[in-house]
Amino acid sequence: MSSEHSAAPAAPEVHVVPIRVLVGVWLALIVLTVLTVAASWVDFGHLVGEPWLNLVGALTIAVVKGSLVALYFMHLRYENPFHGFILVTALAFVGLLIGIAMIDVQATRPDLIPNYAPALETPASPTDLPPAP
Amino acid sequence: MNHGAGAAPELHHEERPELQPHFETPEQQFESGKFGMWVFLATEILLFGGLFCAYAVYRALHPEVFVYASLFLDRVLGGINTLVLICSSLTMALGVRAAQLGQRRLLIAMLSVTLLGGAGFLGIKYVEYEHKWKAGLLWGTQYRSQADGHALEHGEPGTHGTDAASHDGSAPPEPPAPAADPRAALPPAAAAALPPSVPIPEGRTFGDGENASLLPPAAIGPTGMRAPEPPPAAGEQLERRIRHEPRNVHLFFGIYFVMTGLHALHVIVGMALIGYVLFRSLRGDFGPRYFTPVDIVGLYWHLVDLIWIFLFPLLYLIE
Amino acid sequence: MNWLSMVAAASGEATDIKGGTFWMPASASTTAPEVDFVFYFIFAISAFFFALIIGLTLLFVIRYRARPGHHEQPSPSHNLALELTWSIIPSILVLVMFWYGFKTFMDQYNPPANAYEVLVTAQKWNWSFEYPNGYIDKDLHVPLGRPVRLVLSSQDVIHSFFVPAFRVKKDVVPGRYNKVWFEATKPGTYTVFCTEYCGTGHSDMLAHVIVHPPEEFEAWLEKAANFLDTLPPAEAGRMLFEQRGCGQCHSLDGSPRVGPSFKGLWGRTEKFTDGSEITADENYIRESIVNPQAKVVAGFEPVMPTYAGRLKDKEITYIIEYIKSLDKEQP
Amino acid sequence: MTTVDASLPQPVQRPASDSENYLTHAHGFLSWAFTLDHKRIGVMYLASTLAAFLLGGMLAMLIRTELLTPGQTVMDADTYNNVFTLHGAVLIFLFLIPVIPAALGNFVLPMMLGAKDVAFPRMNLLSYWIYATGAIMLLGVLLTGGLDTGWTFYTPYSTTTNTSVGLAMLAVFVLGFGNIFTGVNFITTIHKLRAPGQTWSKLPLFIWAQYATSVIQILATPVLGITVLLIFVERTMGIGIFDPNLGGDPVLFQHFFWFYSHPAVYIMVLPAMGVISELIATFSRKPIFGYKAIAGSSLAIAIIGFFVWGHHMFTSGQSTLAGTIFSFLTYAVAIPSAIKVFNWVATMYKGSIRLDAPMIYALSFLWLFGIGGLTGLFLGNLGVDLHLHDTYFVVAHFHYVMVGGTLAAFLGGLHFWWPKMFGRMYNEKLARVAALMVFVGFNLTFFVQFIAGTKGMPRRYFNYLPEFTIYHQISSIGAFLTGLAFFVILYYLVVSLIKGRPAPANPWGAASLDWQTTSPPHPHNFTSDPVLIGPYEYSALMWNEEIGGYVLRPEVAARAGHGQEAQA
């Protein structure tokens, strides 16, 4: 993807995002924020009986908001597509780390001692022992 | 592009003072700047990616803790913070546009408003932190149990039942602490000091009656767990849900403070960068031919907003 | 510590390292031959490819060495057929290696149903093995030819249970129960190493697996379990002192170690970190064993783990008798 | 593009000392401390990484002296734990990771692209000073209580020990930042500052290797950053993320740590492979065999390297499902490395092989990395790893790959570019002797550790069973021999700086652009436009007796007219 260099030292031609696009995206973001908070109050998932719907719903709204910011505010739509590729690669590797870590955690759940945190049950310092029951 | 010591390259370096010597054309310099910034943003995404992974793992391990702890997070304040960051993202984008078009006064105005937005965000964040600090909703050993309305007799096994059964259908509820109380045989001082979760091998029997087994339920695996209590009614009032506090709630607040703390740090760094760019635009450094610093700081600020857009629902809106 | 493991420990001559092939130690468990087979299978393939690469390199270096009159001849700079072959063949070989390894791992992972269960607890720098009848020993005694399932848990940092002769290794992670199993096939004493770095005493954290012929094992277990009751209390206390590794932190010759020395402890007035002091008597020693943090002798760290539940009352009494006996005998 | 007056003979190489070059055009500490010249930053990195290597080497000698006898030989257990921890941390974070990318890469990469400098010179200087700060912080650990956690910092040991782990965590975080800046710089430079007409397939393979390494640095280092930050926060404020005493999960730490640390071993070995591609092709006078295969496998290693980290955790309580996935993918990542080795051997076919010092290092790389890579097959295997994990077999494996691979390639590259960097030729005979000493001493030290490892000798043992004494004694003798060899190398390289023969522009006849400038190069790299020939087009060069080096053939130099490039 080697970009040829224009010989003439003209100003770097760059895409100026029109105001109405920026404001439009801004309004969309606000609406989506209000929507996601409202969805959490109404506890949509339990009404429908599918509790995981809340998490998935909130995440999809977040993804939509995120892509709006990335595409329009961060000019991904108008500039060198390789920038978008970098963003997607970074997100893919985050997904890889989360994915495999979750696989392992779910698979080793039976081995875990439930709520094992010895340093917390015992009082922080030996001196302040609670009175015997 | 490599120009030797020939005369040509010096020519257009004079007329374009902002063109650094080792670049050939302003376009190459501009694209290199943007490209390098995007590669740097990839590292920021992975830095926070690690935290999102820790969040995902601990939410899977202790779903009831996350559901319980999110009761103490104020969604309205969080929502307002999100709106504040979105607005400051807009003003930043307008600022970048103003720089591209050479409108100096608009650029300065927009950058100042963005700074205000950042300050507003930090202010609200401070309010939230202070509320949690007072209520003792902190991490690790500093966490003070919120169900203090009901004195949690120390060492009384079984009350830590996971009453606020997990709403997250995907994760099986936590097996309760070992049922039989082998500590009865020990002198009281020992019982008090003994952490309930430490396995007590001496003469221990886990489970009662016919399924008394040699090893604590966790060792046997999923089959060893008792049937969970019935999930509470959906519309239950807050008071009862707080009374049944699950164990290890500090885990949530540990992750909450690390994530929002690191994000707040990035907001502060972003504000410093915007201040620097504001200072340079006051000096009139930027115009249609050279505005890369504004663009790059804008990218950084939008990334900080992007991260908060994901942080907010994951931390605040947990059902 | 019963007479058999004493004999083995005294000799220091574990029988595991000596036997075995050029690469591998003695194989004394059912899965050991499988692991050895996979090892030598991979070894054969690796040796072949290594010889191929180094042989070709030496051949080319000698045949085409730069010398007057010799010039490099052009040759193709890529050859699809050759490149495909040396990609596909190693891929197949490598898949076969994976398959053998996976099969062995699966055999090693799922313990058979009738396994004999032992609860292994690792803590900073000693092992303790707890048998179904509640008897705790410093060494692992297992019956020959019967699968043994170990449930590993750690009191502090991560350790790792490794018996080279059985080709078995599993980390002992605090906060979870890791499970591992093996079935011994040869009687004898085999060394247990800790292979996950755990601090100062990491290399001293050895134990022994003593494989008993089937009929001997039950007898040993019976005798070892109530071995203490047959002895005079002070003698039983001495056994417990060694068996539970008290000697790691409390010396008998008056020199302070991690903990205060037991020499002349009985009747001595002990000064504590909070300034108070009492004369060492039965209650003080019992409380310090069950709840060490209650009274910490001045100049020492409150690092002693609690032994509540890991020492029966009568065992604590034996230890107190032993400490009393220390003054009289002046060893 | 100005036309090059080819008819003029190449400017006769005046002795390096007084001609206008990057070393002599400015003097004084400030001209070095605030230089933006990638060549000077490369030399500063070289000096700092060699100092770190020397310190790491001393620690290695201490370890091998201690292990001469089973019990305590020269130091007690705690000191030994500190020594092997620092040996690991210093050599990995201060030497192996930065040395080839930052020292050699910084010097050579822009010139190979025909560019004047890297894309962000200020960030390049900043990355050096961040590296220096991180190095001082890491060595500061010696004064504030040492570090005894092992370079892997496993929790809960690292969060409960009272040695100064906090400072070490900050040091590693700062060093990680330095690596990220180098990565950002290189990726942008390779994308944006290539010579006109230099497409991706005309780049030397050293550049491909640097590109793949920088991609890994960008994608992996931040996760190490967040991990060490969490450990620091856990120790100072008691936030329970990885520490089981506070409800955390130590195996999760291992996932986070190895998610970085396995790609980190590819950060160490990929640049080494890049150097080896250059050396073997140049000293066989043959174009590299399978250019696309080697370039492709560099990227393949970089990407698949992110899928295999779990093979460090087969015995750690990781689930069988995850273990199986990781073992399978570990075998997948072995294939590109094998392809590269086959391609290098095929390059030597029908060549004219000169056994100069760099070539001896390249050949010893083939042997040592061959063993290192093949022993990885044992450790990636689920069944066998249960026996071999955390034993001396692993110690031998990673020393074969890191010392046998990265260090041998670095020494080869250092000797290869030494004339270009300092304008002096080193003593060839002594260099060959030293290279053979390193090879023999290394094999003596570490091959015997494979046997100790399979016999069950655990890793990081201060006191070992008497049966293993013979293995440790042979290994220690080998270590002393290797240590000696490094002093010989240091000797003749320093001597060459003062008394070395002035070096021609192209002593070895390499075809990449960095050899078309004077030795040492002009501050702006090129005094005249370099002629873009194929990175391995050795036929375009001819031996020039009175210069004592290779020069472009007249007809090739003439071809450098307006915009024409020679065919690769």
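Chains here go by letter, A, B, C and D, matching the order in which they are written, and residues are numbered from 1 within each.
Basically, a contact is a pair of C-beta atoms (placed from the backbone, for glycine too) under 8 Å apart; a residue touches a chain by one contact, two chains touch by 3 or more.
Bear in mind the structure is a predicted one, so any value in this text is a computation, not a measurement.
S.K.: A-D versus A-C: which has more C-beta pairs touching?
M.R.: The comparison resolves to A-D.
S.K.: Just grab the chain with the largest centre-to-centre distance to chain A, centres being mean Cα coordinates.
M.R.: C
S.K.: So what's the Cα centroid distance for chain A and chain C, whole Å?
M.R.: Each chain reduced to its C-alpha mean, chain A and chain C end up 44 Å apart.
S.K.: Distance between chain B and chain C based on Cα centroids, please, to the nearest Å.
M.R.: Measuring from centre to centre gives 40 Å for this pair.
S.K.: Find the geometric centre of each of chain B and chain D from their Cα atoms only, then give the gap between the two centres in Å, rounded to an integer.
M.R.: That pair's centroid distance is 36 Å.
S.K.: Pull out every residue in chain B that's touching 2 or more other chains.
M.R.: 1, 28, 31, 35, 39, 42-43, 46, 49-50, 53, 57, 61, 140-141, 189, 193, 199, 216, 218, 248, 250
S.K.: Taking each residue of chain A in turn, which ones touch at least two of the other chains?
M.R.: Chain A, residues with two or more chain partners: 3, 5, 82, 89-90, 93, 97, 101, 105, 108, 111-113, 115-120, 129.
S.K.: Taking each residue of chain D in turn, which ones touch at least two of the other chains?
M.R.: 191-192, 196, 219, 223, 240, 244-247, 249, 251-252, 256, 317, 320
S.K.: Note which residues of chain C are touching chain D in the complex, please.
M.R.: Going by the criterion above, the answer is residues 12, 14, 16-18, 20, 22-25, 34-35, 38-39, 42-43, 45-46, 49-50, 53-54, 56-57, 60-61, 64-66, 70-75, 77-78, 82-83, 86-87, 90-91, 94-95, 97-98, 100-106, 108-109, 156-158, 160, 162, 164-165, 167-171, 173-176, 178, 191, 193-204.
S.K.: Which of the residues in chain D end up touching chain B in this complex?
M.R.: 2, 114-121, 123, 180, 183-185, 187-188, 191-193, 195-196, 218-223, 225-227, 229-230, 233, 237-241, 246-249, 252, 256, 524-530
S.K.: Would you tell me which residues of chain A are touching chain D in their complex?
M.R.: 1-3, 5, 82, 89-90, 93, 96-97, 100-101, 103-105, 107-108, 111-112, 115-120
S.K.: Over in the complex, which chain C residues touch chain A? Could you list them?
M.R.: Residues 153, 174-179, 274, 293-294, 296, 302.
S.K.: Note which residues of chain A are touching chain C in the complex, please.
M.R.: 108, 111-113, 116, 126-127, 129
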